[in-house]
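Two complexes are shown next, each including subunit A; its partner changes from subunit B in the first to subunit C in the second.
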Partner chain A sequence: MNRALRFSPAFSISCVLFTLVFLPGCGGPAVPSDTLIYGRGGDANDLDPIHTDIGESVKVIVNIFEPLVAYDKETLDLVPGVAESWETSEDGREWTFKLRPGVKFHDETPLNADAVVFTFQRILDPDSPYAFGNVIPYFSNYSQIEKVEAVDDLTVKFTLKQPQATFLPTIAMFSSGIVSPTAVKKYGTEFSRNPVGSGPFKFEYWRPKQEILLSRFEDYWGDKAGVERVVFVPSQESSIRVIQLKRGEIHIADNLPPSDMDSLEGAEGVVVQSTPGINIGYLTMQTQKPPLDQVKVRQAVSHAIDLDRLIDVAYSGHAQKAKTMVPPTLWGHGENVPEHQYDVEKAKALLKEAAKEGGFELPVKLQLFVMDSPRPYMQQPRQTAIYIKDALEKVGFEIEIITNDIGQHFQRMTRGEHQLGLSGWSADIADPHNFLHTLLHSDNINKSGGNNLSQYKNEKVDELLDKAQFELDKGKRAQYYEEAQELIYEDVPVLPLVHVPVRIAERDNVKGYKLHPSSQVRLKSARLEE
Partner chain B sequence: MWGVLLKRLVQAVATMVIAVLVVFLALRILPVNPVMARFGQHAVPEKIELEMERMGWNKPVWQQALAFGNQLLHGDLGESFARPGERISVRLGEALSATLELTLAAMLIAVPLGIFVGTVAAIWRNSWPDWISMAVALLGVSVPVFFLAICLILAFPSMPTGLRKPPGTPDFHTGFYFFESLVTGNFRMAVVCGRHLALPALALSTIPLAVISRVTRNAMLEVLDADYLRTARAKGAGILRVIARHAMPNASLSVLNIVGFQLGVLLSGAILTEKVFNWPGLGNYVVDGIRDYDYAVVQACALVTAGIFVVLNLTLDILFLLLDPRLREGRQS
Partner chain C sequence: MSSASLDNVRPAPPISSKLWRVPGVWVGGGLVFLFVFAAIFANAVSPYSVDARFGKNLPPSWQHWLGTDSNEKDVLTRVIHGSRLSLVASITSISCAVIIGVSLGMLAGYKGGRTDMLIMRLIDIWLSFPSLLIAFLVIAALSPGWIAVILAVALINVPVFTRQIRAEMLSLKHAGYVESSIAAGATPFYLVLFVFLPAVTGTIWVLATLGLGHAILEVAALSFLGIAGDPSHAEWGSMLVEAKEHLAITIWPAIAPGVAISLTILGFNLFGDGLRELLNRRTRSF
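What follows is the complex of A and B.
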């Protein structure tokens, strides 16, 4: 008879565990107090500032590392950071930075001129033993720097190959964060998992796909962080992130699709924040391949698309209509560029004309390349693509949607395999150069990794963009960019679609955290109220 | 008996080699440059070739395969490309222990419950307990895990929505959070980790539970119809005794078989469950690896998955030899 009870031990153990585990309140919240939990869609890949361009890594990096020059708390103005002051030589080729005395890295190493030189050597010197890997994603931003030298213990001098307007914003980028030379030498390639900087938070540990824990750096030179600890938690499903926020399991949730954001807007205990993003979502048109090599066909595409409708369909109304590649929140935005015109009849007429001149038949067949996963500037790529297909087919195109995963999508487009394609850009530095030069200068047509996906080549535009890059007078630069944007408008190599605001949702007991227009996640000022 | 095992062992190793080779080749057939895939819009054209060379991806595929084989012989799984500085062996160990803990918890629910339900259904065949339990089993296999997981989260508002432990609580030394806290006597933490484990385990247990109960029912029915059982009943043995002494041992072989198979399926990565509950297990790891074209990671995962099945099959073979006297005698004569 006792054999009949063969399974009962296992069964009773699981019964006991069940009751124990499901008993509400049992165990209680084990989360230590004064810990801010930041929920996001993915994990970091690398915490070494020079080796990553993944947003989820940058969110952590900007809290650990600090560049010489920082953004103002609320605006895109550049203010002293680790460097107290700086000056430029007459010809704009020499920049001298005075460092703040007494600044220390988290490992007690003093932050001095040698540390700054070491940081930039890793980027600039191809033979540096401390660079760990060949590809530095933002390398081109630094290519104008000729040398970096320590003048004395607290003075660093940068010499540029030619004066460059984007130098200072580049120095303020997260990838220019000053690293502790001691730590880099100590950890070697594993510095990417053991980052040591001088920022308001100190790295504690990283359990991949689970959590990254930072703690307040008590010896920070400025105002100390408002919370003792910050945990970055990846939560891949946005709907789960919403539930976690509503239940208070996380304090901040970012990167939520517009529909989820709307549902959170009225939720109890939840506050929604929004700031205009410095980004552009656009439609690229491969200008080297027929039929899109004809400007009339490109104009037809442009006039066929109703941006208001697109914003309703794919962004739940939460995006700003774009008229040029430079967002209006940034200086240098082309004020005089005409508004985008939605005109179906004009589109039809233009396409007919172009067909007659080019000797091709209607409907004109085009392939539209689409990425499979959302980007900050393209929150619902599939919906966007379907709307564009629908709109273009009404004026005489026939669209085939080709979906690729994000890696292949951009690779195939850099090779110019597309005709139409969804793309976009989030600013690395707050400068029009970063949009116009990167995305439309002919220097950036390159089959292995150029960002001029439309393969647009207009010598006049190139010349204006070059002039603006090496001019230091902001007024003159704005003038050049204005002219360039007008020319680009005429040529329609791209159709600017939207500028997407950055929105997050947070618990109402999170105080003091304000989204920055650069969309950097700087948690120093955040506090938790009981 | 030993001869059989040796043969199985050779087969097992061959299976693993073939599985890894297939994955190795499949990855390299993809028309993707992994360096460009990683750096996307920020790839620096001049440096891409350099990096390809550093990683050895410019060489002919057979040379890469040899290098990989050599590396494996030295017991080195290499380093992740998409997440620099990450030793694959370390991360794989963490992912595997997370998956193992989840799988064992799910099996702890599925096996006893599945056998119970199957047995009940077999005893009262073609009457209401049978119908109910088989309907539940059908539901168990057909409801998408993804959907079920979200339903569970909504149904238990006081339970954690995922992750292995509350964020910010002290780190563990091993990858087995629940067992570690039990062993170290930290019962409060064990309960907390158990709560985190509960919903994912429940979601994950439905399919094996359904499959096991159906197999148990069929196996029991087969045995219950056998002559020797009728004889036992005729001699006055009670139903419980018949089930426990006669039917169960004979039915247990096919049940064991299916339990082993389901264990393999769960261990090789419960991708959907892990995704919804943010469980940092093998499934999540391999999906990320594939998405990032992280060759070394995908290869390592393939190796481990193949290894899991091979080990499970071998274990099952041995268990069968031990449990079923017919197999042993057949071989000896």
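What follows is the complex of A and C.
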């Protein structure tokens, strides 16, 4: 057990020193000047677009693969990507995409209608030999697609079971990235380690936990990438990324704690970028288990927490107070939902009442589930949890914090094992559906991966969300979402906490790279100046 | 036995006369006393209440001698309160280790033969696992929390006691007075309780005191790794994890629990070594 000695602060310091001394050796002299080094907190898990929902994988995937439809450079508008144009039928059930001629995959295979059909067959056909049997995390997004057919070499037609407003945004998601059929057939299950797409960067190699190297694709159909190579380097300790960035060993560092970001803001040669993220950090309350099955107890939780103080403590002031699950940067945000109210006395009174009615005693014991590593929407989970615990204990709760690693944390909460739990969501598609339906519709309560962690069931809300999903008129949809959000506010199945801006720090010689509101890391436009 | 041979055996000098010659006992005892005192009277000694919030990462000042941490809490207060969990957890786990370890050691030493072989091979297997691995196994079997940590630390420390006690039993078994009591018809129960146990008490005390030092470190390490349950409790190991992430901003929340851990371990080690010195002379005069 003498190993324990190593965990002293002295060890941490020597760790940092060690890194300082030896890390330059890894990337230093061998790196040519036209290589962009992207430092991040973790490694990818799988580079096959349909098989991952891990942010660190997506960062790489969006640079290798391209969907039919793309986001605009700076906004969330959808613009032509691999597809030059598209049209819908009168009833909204048929979508026809015209492909750009002459587009090639990195392995020289032409990108034609057959490749598109092949790509979507992998997702839609459970028996497809090229889906490689794994679970497809975003399958439900595609569930309304009835069939995909090639009309001619450059025309693809999608037929939907019923008109769906989120169809086009789904087609723009990273998981809809068109894959090279030749490569999928050639590599088989190894495709996830040898991805071939049509994006601005070509995959070179992946050394797990060390680096992923991409190089510029010279035959790209649009503007070619600004740098010759991109290296994704994972280093788990954020303090190491800070030092690497200060020393110029990496060009971009993301996912840093807010206080580090603040200290980097004034550092020489470093520029900090920020964009309002489309995300929500929230506290889920298991509505099917006592005592949180009582709305008064949930209201008491809500009134006990001072969001302004929470933002100070856990986000160093860099977050926006949330009042509903849909971020204000997105349309459909519930304007008429009342602001969150911090009122300790009211919380105490509500809890007392509930205790009397429910026949339980104060203090009310609750477990609070917390993840062990930071997420973009939950940058300091431990501090957040401790703040919430202290706040709740002031009004008559007794909180036990249960920490689990990130995978287990969400797995256990999906099974409904928690009472309170920290959670959050970053938008996959810029649509309120992605927040409200995914996180609060009763269809999404299931034990193997549903995201309605609160197990919230309200028929009226379900109905509104269903209507909004199959309505094509944006104005009407916004109205339905507004109503749903007001109902949700009254039931308090979740306490929306914060919307967190996405911030990165980069060396000042990195030009042209701009954070996208979708928080996709698209490095095509980045250039390096001497 | 002739009276001449009895004269050669000098009577053991009383412990009190030796005490002043072993400074370790004083220094170590003082440190241990300090932390035990802090643990018992934590509420009275610490300047603030343990969960009071002041401001984030404040530097040391007259109000906050060791500054505040990233949860806005007073570091000194939390270090003082932290001694509670650390000491309670270590003392409980070492007590468990003593009970299990000493029983196994006595059983092995007394019975000998196949029982001895079985127990000692078991201990060998035990020792061949890295201690962290044992801890993880225990925690995987139970769920993360203080009970799991205490049990894990107890199990890690069992072999030390078993081996040492067995070794002493082997020589004790053939001591003249033991053989006499067997001849006089002492039952195994009587032997263990009134003959063997008093004879090994000194050893147990020494080992337990030294073991406490290890236990403090092990407890802190396990809670550093986040398997000691609720991270909001004032505990030295979890304070270190918290502080590690903010080393670039403030070092006090890291230094304070680190120093506290070092000092308690130093205290227990000095005290244990001193005890050994004192008691060894006494045991040698049997």
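Assume the second predicted complex is superposed on the first by the 502 of 530 C-alpha atoms of A that agree within 3 Å, B and C clash if a C-alpha of one lies under 4 Å from a C-alpha of the other, contacts with A are read in each partner's own complex, and residues count from 1 in each chain.
Going forward, a residue touches a chain if its C-beta (ideal position, glycine included) is under 8 Å from a C-beta of that chain, and two chains touch if they have at least 3 such contacts.
The shown structure was predicted, so the numbers you read here are calculated from the model rather than taken from an experiment.
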First, second, both or neither for A:190, with subunit B first and subunit C second: first
Comparing the two partners subunit B and subunit C, which touches a greater set of residues in subunit A: B
First (subunit B), second (subunit C), both or neither touched by A:263: second
Touched partner set for A:120, first subunit B, second subunit C, both or neither: neither
Partner chain in contact with A:139 - subunit B first, subunit C second, else both or neither: first
Subunit B versus subunit C as contact partner of A:408, first or second or both or neither: first
Touched partner set for A:51, first subunit B, second subunit C, both or neither: first
Which superposed partner A:390 touches (first subunit B, second subunit C, both, neither): second
Partner chain in contact with A:239 - subunit B first, subunit C second, else both or neither: both
On subunit A, positions contacted by subunit B and by subunit C: 1, 3-4, 7, 10, 13, 239
Complex interface listing, subunit B residues touching subunit A: 31-33, 35-45, 47-51, 54, 79, 82-86, 91, 94, 108-109, 111-113, 115-116, 150, 153-154, 156-169, 171, 188-189, 191-192, 194-195, 197-198, 240-241, 243-245, 248, 275-276, 278, 280, 284-285, 288, 291-293
Subunit C to subunit A touching residues, read off their complex: 51, 53, 56-57, 70-72, 130-132, 144, 156, 214, 217-218, 220-221, 224-226, 229-232, 237, 240, 242-249, 251, 254-255, 258, 261
Subunit A to subunit C touching residues, read off their complex: 1, 3-5, 7-10, 12-13, 16, 238-239, 242, 257, 259-260, 263, 312-313, 316, 370, 372, 380, 382-383, 385-387, 389-390, 393, 400-403
Touching residues on subunit A, where the partner in the complex is subunit B: 1, 3-4, 6-7, 10-11, 13-14, 17-18, 20-22, 24-27, 29-32, 35, 37, 45-46, 48, 51, 53, 132-140, 189-193, 205, 207-211, 213, 229, 231, 233-237, 239-240, 243-244, 247, 249-250, 405-408, 410-411, 414, 425, 446-451
